[in-house]
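There are two complexes below, and they share subunit A, which is joined by subunit B in the first and by subunit C in the second.
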Partner chain A sequence: MEWLGFVNYAVFMAIFIGIYALLALGLNIQWGYTGLFNAGIAGFFAVGAYTSAILTSPFAEGRVGGFDLPVPVGWLGAMVAAGLIAWPIGKICLRLRSDYLAIATIGVAEIIRLVVKSESWLTNAARGITDIPRPFGDLAYTMSQLAYLAIVAGVLLVAYLLVERQFASPWGRMMRAIRDNEDAARAMGKDVPYRRLEAFIFGSALMGLGGALFAHFNRTITPEAIDPMVATFLVWIMLILGGSGNNRGAILGVAVVWIIWSMSEIVTDRLPHEYAVKAKYLRVFLIGLMLQVVLRFRPEGLLPEPQKRGPRPDPAASGARPPASPD
Partner chain B sequence: MRTFRIAAAAALLGATALAAPAHADVKIGLLGGVSGPIAAMAPAMIDSANLAISQVNDAGGILDGQKLVGVVGDSACNPQNATDAATKAVNIEGVVAVVGPHCSGAVLAAANSVTIPAGIVIVTPSGTSPEITSLKDNDTVFRTVPSDDFQGRALARTLLERGTKKVAVAYLNNDYGKGLAESFRAEFEAQGGEIAGYAAHEGEKASYRSNLADLASGGADTLVILDYGDGSGLTMLRQALENGFFENFVGADGMKSDAPIKELGAENLETFLASAPVGEQSTSLDAFSKAFSDIGGDPSAIFVTTSYDAAFMLALAIEKAGGDKAKVAASLREISNGEGEPILPGEWAKAKELIAAGTAIDYKGAAGEHNFDEAGDVPGAYALFRVSGNGFEVVSEMK
Partner chain C sequence: MDAMELINFYLVPGIVVGSIYALGAVGITLVFAILRYAHLAHGDLATFGAFLALGVVTLGGVSPYVALPVAMAVTAAVAVGIDRTFYAYLRERPKIVTVMASLGVALMVRAVVQIVWGVDSQTYTRGIVRPENWFGIRIRDREIVTVLAMIALVVALQLFLKYSKWGKAMRAMSDNPDLALLSGVDNRKVVLLTWTIVGGLCAAAGVFLGLNYELKALMGWTMLLPMFAAAILGGVGRVEGAVLGGLIVGIAEEMSALFLPTEYKAATAFAILLLMLLVRPTGLLKGKVL
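Here is the complex of A and B:
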């Protein structure tokens, strides 16, 4: 049954791509559309993963939880919790300009990681939470994976459609205006700090949802999963490569990076043993190189942000009315 | 969504194109943290597992003279890479069983989302988290390294036997330190000891004087440091000695390092004890050490004995199960349950004959007897050490 193995592997990759696509969509809202340099994705990922884990896992000695709630409640809770955590952080940090915001968010993610690692009453500290239910997890291997893929794909599709719609709306145009020329947007009477906060919370909630889907897929969440390398910077690479400001680009970037990352190991394993072990590092190098090449030759990413330009002096010619404030 | 489907299709096509299955080989996965935080330890562990595999192949191969092949996967010490590596090993390479992954978090994720559903046996040589014990694993998750629980409890009992009734505990805030500290406290208090101070600390700080002052305020004269002797544990030990916060010091295997002796001098460490696993000075360990030294390995490197045992035992179990994935778990228990003809590391030809003849065998590993309990765990063998000259010497065995 060789082909079944390939199906399992492909389904696994698709699930993974779906989960990371949610993170990339969240980042796209923050960076791609609003220009917020959030380098703390791992933090919101962790909040979502742990919130859902605590809400849905069965009772365990020595920590909060054991609420045993249905999985969708956990996922909703994950989004709400990530959004709630994002609110005070955004309130404080969003006054900072790009690189300072990046530093502040790295710090915040690190604080969250240390809290997760230390507070055993909340997260069972370094040992992590196990026994998290996976929907349809009792089915046989392939069926269970397929069922989870269907769920992830459904969630991603809904998230994608909503985000797309949001950006085609006046709100989206306003966000781009704030990103490209803050002073002009302010002069137009837009409440810039408030709008930025909206985007920050919105994006963070999606990242939280991604974290929750990840925790349920693995049926366990440990602090190792929120390492900044795999939970923050990898997502950045995916978004930059795919094309920030373009939701399809974000998803494509995730697929390209993950497929190269994962399948390159199959290729390097064909090498003789002593090289095969060393070649594992080549994969890390390959991702970095790919980012360099894209930044050098195609800085807008594989799928650039769609530009709808009309002749400037005559807004009617572009077929759109002047953007109205959504308020 | 279109990109999504394209991605899935591309993955499928790519995987099909790349696969060149060689039916003659029997494969086992060697998942380890090749990149990531334990990158320094992983190569030696993989080498020792490969030693077991080459011994099998040199002595006639597995089953009907087939070749045993180890497929190395990079679990990078995190769940993302571990599940990816495990999925590839199980589905693309078609491994019969897996040695690894190395880190506890990676073991939990890979087992839960890949190997348990797929019914593949995994044996981790270095995942020490107590959470692994309680996995609902259909008897497919084993380990050749004792859970952190064992050492902490053994240390607590030994201290009480030696007459130490009141201690303060300082532990490094990671799964190693915390796991040890919790099991130590549970056992120490259950047996009537008193914990007069109990606090976690973060690693690599310049000063721990305030932590030490807090701990000393409980009135204990013995400090249990569950940390690493070449990191913050050393700083803590030095500052406790300098300022006279405590008189006696006890550490676990992380503290049994040469760094304190070099930095602080043996004459200042007369009241320092450390527990550590001992590979029960056995003929098994000697056999392994010789074979591993011969291929240029360092037999005293951490977790090499457990890695070797995991690979060799899986080979025995696969042989016994006739290559049937579903029977590997049961066979793994049969080849090392304390009954039958003893098999030492490297004795593949002998084991193969006995298995063929239907005789019961009992593998005596380099790291211990490996008689698995119901959860697939092994008890550890530990001893208490004290500083002597420029090294450590055994004070007593720990029960």
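Here is the complex of A and C:
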């Protein structure tokens, strides 16, 4: 049954693309619309994953949780928790330039990783949380995968439509105004730190939702589930390559990067062990190089940010970064 | 616990690790003030310098102290090369794009270390060094060297910044880039010089970290947060502030083991960072806020 294996693999890939697409949409709100540098995506992802896992998993000895709540409650909880983590960080850092947010979010991700690894009463430490319920999890394998893909696709569609609407709304225009010329926006009476905080929290909540979908897909979540640095960086390269400020671009970037990333894994796994380890790091090197190449030669990404009215600004002034005010 | 125990197990290690943070934080503060962005590849560049020194030690069979200047020189050249290859063409774009590029560079540098030197932790010298007893205070030789080297490097840097022509140019670029450029300061030379100094300091931080603990591919990345906390605590752009900040963060981290589980040492630096950003973003010595 060669074709069945192929279908299963394609569905598996598609689910991951859907989950990463949620992360990329969240980052697009933060970076694409608002110009906020979040280097702790994996942290918000983990918060979402663990929150939903704790809320929905059945009772287990020795740790908090086992509330056995319905899955949608867990997902909602994941978004709220990720947003709640984002709030104080944003409150402190968003008055300052985005460099400070970058450092602080690296710190947040690191602290979350430490908590997840060492607080066994909360997260069961290294053993992780198991028995996370999965919607339609009792169907046969292929059907269950397909059903989950449908759920992920549905969630992604709703998120996409909402974020897209946000982009076209007065709120979206205001955010781009803040991003492109903070001083002018402030002069127009916009409360810049507060608006940035909104975008930071919205984006982080979406990342938390992505984490929750991941946890329910895997049925378990352990501290080793994701490599914080690589996961965060993958989402960045997805958004930059796809086109920051463009939601379709973000999703396209996710698909392209994820397919390259997992295909290259298949190749490197076939190498003899000695080379396989080195090849694994070579992949990381190349993904870093890819970012440099995109930043240099196509900063606006595959699908640039849509410019609705007026003449297109010169290419140097559009694209992968928010033109901030001169320091 | 008596005072001696406090000094031996918390204060001395705190000062040693603080000196290492200080070396890194000085580099971060220079990049932040002169080039005006947060350089996220700083920690991994330090890892690279540390492993370079390991290469010199294993190939040449020399002591790490001999390897140190070699590693500093090569890392300085690599830092200049990284700037030329990856950062230079982003100079006209908003600075945050360079921050992003530096995150990519961090990943690339680390991958190079992992490919060339593997992922197992290593040491410069084998065997356990017993600390010497100085009137009840136990200090290892390498710890004294670390602190003295930090002081020597920082004093040399301060003299250079204060009295030499190019040191003054660097300070001018830090204080007011427009005015400095108008006065005929050559931006390219300042950038070149900054990266040379920063690369060298980075390698020194890495080598001393490897000397006092062990060499791991992630050693620099975990040092990034304390280094930034130190630079911001001292005040961005203030070299002496970075040293002060480094020492405070180092000592606070070690002291935190008295109250917190040791896993949360890294949280201390983060708490200091957030606290400073909240109450006094200019830092203790009134640096700049970007």
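Rule of thumb we're sticking to: the second predicted complex is superposed on the first by the 282 of 327 C-alpha atoms of A that agree within 3 Å, B and C clash if a C-alpha of one lies under 4 Å from a C-alpha of the other, contacts with A are read in each partner's own complex, and residues count from 1 in each chain.
The definition used in the following text is that contacts are C-beta pairs under 8 Å (C-beta built on N, C-alpha and C of every residue); 3 or more make two chains touch, one makes a residue touch a chain.
Because the structure is a prediction, the values reported are computed rather than measured.
Novice: For A:Lys117, decide between first (touching subunit B), second (touching subunit C), both and neither.
Specialist: A:Lys117: touches subunit B and subunit C.
Novice: Which of the two partners, first being subunit B and second being subunit C, lies in contact with A:Ala10: first, second, both, or neither?
Specialist: Once the two structures are laid over each other on A, A:Ala10 reaches subunit B alone.
Novice: When the two structures are laid over each other on chain A, which of subunit B and subunit C touches more residues of subunit A?
Specialist: B
Novice: Contacts for A:Arg296 in the overlay, against subunit B (first) and subunit C (second): which applies, first, second, both or neither?
Specialist: Touch partner of A:Arg296: subunit C, not subunit B.
Novice: Scan A:Ile260 for contacts with subunit B and subunit C and give back first, second, both or neither.
Specialist: neither
Novice: Classify the contacts of A:Phe285 with the two partner chains as first (subunit B alone), second (subunit C alone), both, or neither.
Specialist: It touches subunit C, and subunit B stays clear.
Novice: With the two complexes superposed on chain A, say which partner A:Ala147 touches: subunit B (first), subunit C (second), both, or neither.
Specialist: A:Ala147 contacts neither subunit B nor subunit C.
Novice: So, A:Asp227: does it touch subunit B (first), subunit C (second), both, or neither?
Specialist: A:Asp227 sits against subunit B, while subunit C stays out of touch.
Novice: Mind working out whether A:Arg97 is in touch with subunit B, subunit C, both or neither, as first, second, both or neither?
Specialist: The second partner, subunit C, only.
Novice: Answer with first, second, both or neither: which of subunit B and subunit C does A:Val277 touch in the superposed model?
Specialist: The answer is both, since A:Val277 touches subunit B and subunit C.
Novice: Kindly list the residues of subunit A that each of subunit B and subunit C touches, one partner per complex.
Specialist: Touching subunit B in the first complex and subunit C in the second, residues 114, 117-118, 230, 277, 281, 284 of subunit A appear in both lists.
Novice: What residues of subunit A sit close enough to touch subunit C in their complex?
Specialist: Touching subunit C: residues 35, 37, 39, 89, 92-93, 96-100, 102-104, 106-108, 110-111, 114, 117-118, 229-230, 233, 236-237, 240, 277-278, 281-282, 284-285, 287-289, 291-292, 295-296, 299, 316, 320-324, 327 of subunit A.
Novice: Help me check something: in the complex, which residues belonging to subunit B touch subunit A?
Specialist: 1, 3-4, 6-8, 10-12, 14-16, 18-21, 34-35, 43, 46, 50, 70-74, 76-81, 83-85, 87-88, 90-94, 103-106, 108-109, 112-114, 117-119, 129-131, 134-136, 173-175, 178-179, 200, 202
Novice: Which subunit A residues qualify as touching subunit B in the complex?
Specialist: Checking each residue of subunit A against subunit B gives 2-14, 16-18, 21, 114, 117-118, 120, 125-128, 130-131, 134, 137, 140-141, 144-145, 153, 156-157, 160, 217-225, 227, 230-231, 248, 251-252, 255, 259, 262-263, 265-267, 269-270, 273, 276-277, 280-281, 283-284.
Novice: In the complex of these two chains, what residues of subunit C are touching subunit A?
Specialist: 32, 36-38, 40, 85-86, 89-90, 92-97, 99-101, 103-108, 110-112, 114-115, 118-119, 221-222, 224-225, 228, 232, 261, 263-264, 266-267, 269-270, 273-274, 277-278, 281, 289-290
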